[in-house]
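Labels A, B and C are assigned to the chains in the order they are written; within every chain, residues are numbered from 1.
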């Protein structure tokens, strides 16, 4: 049994070793989120999110596909359930509702078998909410392959055969980012790409019409829903970012003046 | 001439020229000299400063696409390590079907030439799923983490090298990771090198190289080899020009071709802008 | 229907609280063991969910074949390959000789070929996108050209010392930008996870983002 009496390793108070500041950071974000939710519930003002061109462009992309009578292609990325995928699913929810309202065909492709049923349910729900449940086509939400380049080649095939007018790539992307981005551009799609992977993000920048860089993707649910409670969580996130930025600045000044910031590093590693 | 056509060249011409640029150096090598970058020198130094008999843990975390960039790094490392009488222990976490056989082929061929014996001077522990959990276990118990067998399911206790190498914590002196993504350098840094204060170096595909610079600057990576160019530089440093160096001519021509198309595209762009402003 | 939506939210909240508890509080080896057990549960549940993808794949292509939709032959081929590979894998095992032959000589080669398309696409993408439209685009183009020259031996022949410029671009401005993006993305991911844990983000259970 796991509860055999091993002596816990040494940490600060009852915290696990090297976890104290991690806890502080998590606790701080939770507190800030709580405060912002309270403010939202009380009707107090919450700062607005700046304009994010990539998210604004979603309507434009779906609108163009509608005008051209061609489908919209959406993919929630390559990874399984993680923050990027959740953000992509929030975007899918919006895209599916808009597509259902405009009566535009939406093709969703999946690499992860675990994500596939969720995307299917989101699209079905969106058509239901749009009052058009009969327009939902199960065959347009597809699982392709969990092999990275198997999935990639299948999407290339869809670009060629079904000629989508818009290609929306959210979630987390790896080596296939350039292949899909460039194939989409060659197929004449208006493209919105989102990625947090710094090794691949530049490929979306050169191939897509709009790119959501890093954290912009995580603001999608708040931005698209305009829900004050969700916006509050983005504000809380930015506050923590400012705090960490100040810490980085302090460390840089410290290291510049003292020659190194070992003491600070040691302090924060507790 | 209608200059603005230069920004609408059919991509098939570009693709055809790519093939030509890659094929030409195979028949007519240019043999251009290769300068050594600071990052590659740091990798070489990380191995060079190890005392004879040290153990290098190599994680060949590559897939089929990037193997040509990363395999030459393994050959060069094996040459430098074996010359210093260092021992090599290999694992793989990225791709079961590529990492272990490639490690066997590239390290094995150098070992054979240098008279180094499998199981004594080097060993291939193969692939394991659940990379982070396995890495964490390897810190204290390599035998347990690799289920007590090498890549061909032979018992580790039968190999003299594994009687010396029980854990990363006590027995490994350098970690060398050839990486294309996750699992890869990030997991090794987070779960092994940082907690155990072990030096970490290696090489990455060129697309990843730009993203790794911050870790080299912070000292978390002891230099790093960037793609085929890094491999070629390392081959030069260890005095064994191989596949890395031979690939450099193709890279030179390929890059020059892209630059030429950039120039043509921009001439077309300005011609088109001028036409529009006149109209 | 209501329970169908709420149950996943409860499971996520309880699991997240437990993981944080065992991560942050010093339970020594016990904490590690509990987390390891939770990893195993997660793997087991993933395997069940893993079947849903292939089922969809077969259903879709079977429909294409039976209804003779355009290019139904491709679907028939997909079905044949899926069935044959499944039988081979089941009979020969994942490390069997035939299985490995198929993987090494077919799957890996096709995968490598698709990956190799990067080499072509990178050229056409650069040609199409790198235009001197404005200041930012000019910086992007110039740094790309310097790095391309720096990464190939011919660059040194044309402009001696260019590899040093390339190293500087990579290690100074590039590192600064990458750090910023990473930091922002990490905190963003963190906040996104909190939204999921607290049930503020519900689109993944088939509901609206904010209900």
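Throughout what follows, a contact is a pair of C-beta atoms (placed from the backbone, for glycine too) under 8 Å apart; a residue touches a chain by one contact, two chains touch by 3 or more.
Please read these numbers as outputs of a predicted model, since none were measured by experiment.
Visitor: Could you tell me which pair, A-C or A-B, is linked by more C-beta pairs in contact?
Guide: If we tally the C-beta pairs in contact for A-B and A-C, the bigger total goes to A-C.
Visitor: If you average the Cα atoms of each chain, whose average lands nearest the overall Cα average?
Guide: Centroid comparison flags C as closest.
Visitor: Taking each chain's centre as the mean of its Cα atoms, which chain lies farthest from subunit C?
Guide: Computed centres place B farthest from subunit C.
Visitor: Using mean C-alpha positions as chain centres, tell me how far subunit B is from subunit C in Å, no decimals.
Guide: For subunit B versus subunit C, the centre distance works out to 21 Å.
Visitor: Measuring from the mean C-alpha position of subunit A to the mean C-alpha position of subunit B, what distance in angstrom results?
Guide: For subunit A versus subunit B, the centre distance works out to 30 Å.
Visitor: Report the inter-chain centroid distance for subunit A and subunit C in whole angstrom, where each centroid is the mean of the CA atoms.
Guide: It comes to 12 Å between the two C-alpha centres.
Visitor: What parts of subunit B, by residue number, touch at least two of the other chains?
Guide: In subunit B, residues 11, 63, 65, 210-211 touch at least two other chains, as defined above.
Visitor: Could you list the positions in subunit C whose residues touch two or more of the other chains?
Guide: Only 111, 115, 118, 122, 124, 126, 128, 130, 178, 182 qualify.
Visitor: Which subunit A residues touch at least two other chains?
Guide: Touching at least two other chains: 148-149, 175, 186, 198.
Visitor: Which stretch or stretches of subunit C touch subunit A in the complex?
Guide: 20, 23-31, 33-34, 37, 46, 49-54, 56-57, 60, 63, 71, 107, 110-111, 114-115, 117-118, 121-122, 124-126, 128-130, 178, 181-185, 187-196, 198, 200-201, 203-210
Visitor: Can you list the residues on subunit C that touch subunit B in the complex?
Guide: These residues of subunit C touch subunit B: 36, 39, 43, 100, 103-104, 108-109, 111-112, 115-116, 118-120, 122-124, 126-128, 130-133, 141, 144-145, 148-149, 151-157, 163, 167, 170-171, 174-175, 178-179, 182.
Visitor: Contact residues on subunit B for subunit C in the complex?
Guide: 7, 9, 11, 14-15, 18, 22, 30, 32-35, 37-39, 63-66, 97-98, 130, 133, 206, 209-211, 213-214, 216-217, 226-227, 229, 248-249, 251-259, 261-262, 264-266, 269-270
Visitor: For the complex, give me every residue of subunit A touching subunit B.
Guide: 148-149, 174-175, 186, 198-200
Visitor: Under the stated contact criterion, what part of subunit A meets subunit C in this complex?
Guide: Going through subunit A, the ones touching subunit C are 2-4, 6-9, 11, 14-17, 19, 22-23, 25-26, 29-30, 33, 37, 80-84, 86-87, 89-90, 92-94, 110, 112-114, 116-118, 120-122, 124-125, 129, 139, 141-150, 152-153, 161, 175, 178-179, 181-183, 185-186, 196, 198, 201, 203, 206-207, 213-215, 217-219, 221, 224-225, 227, 229-230, 233-234, 236-237, 240-241, 244-245, 248.
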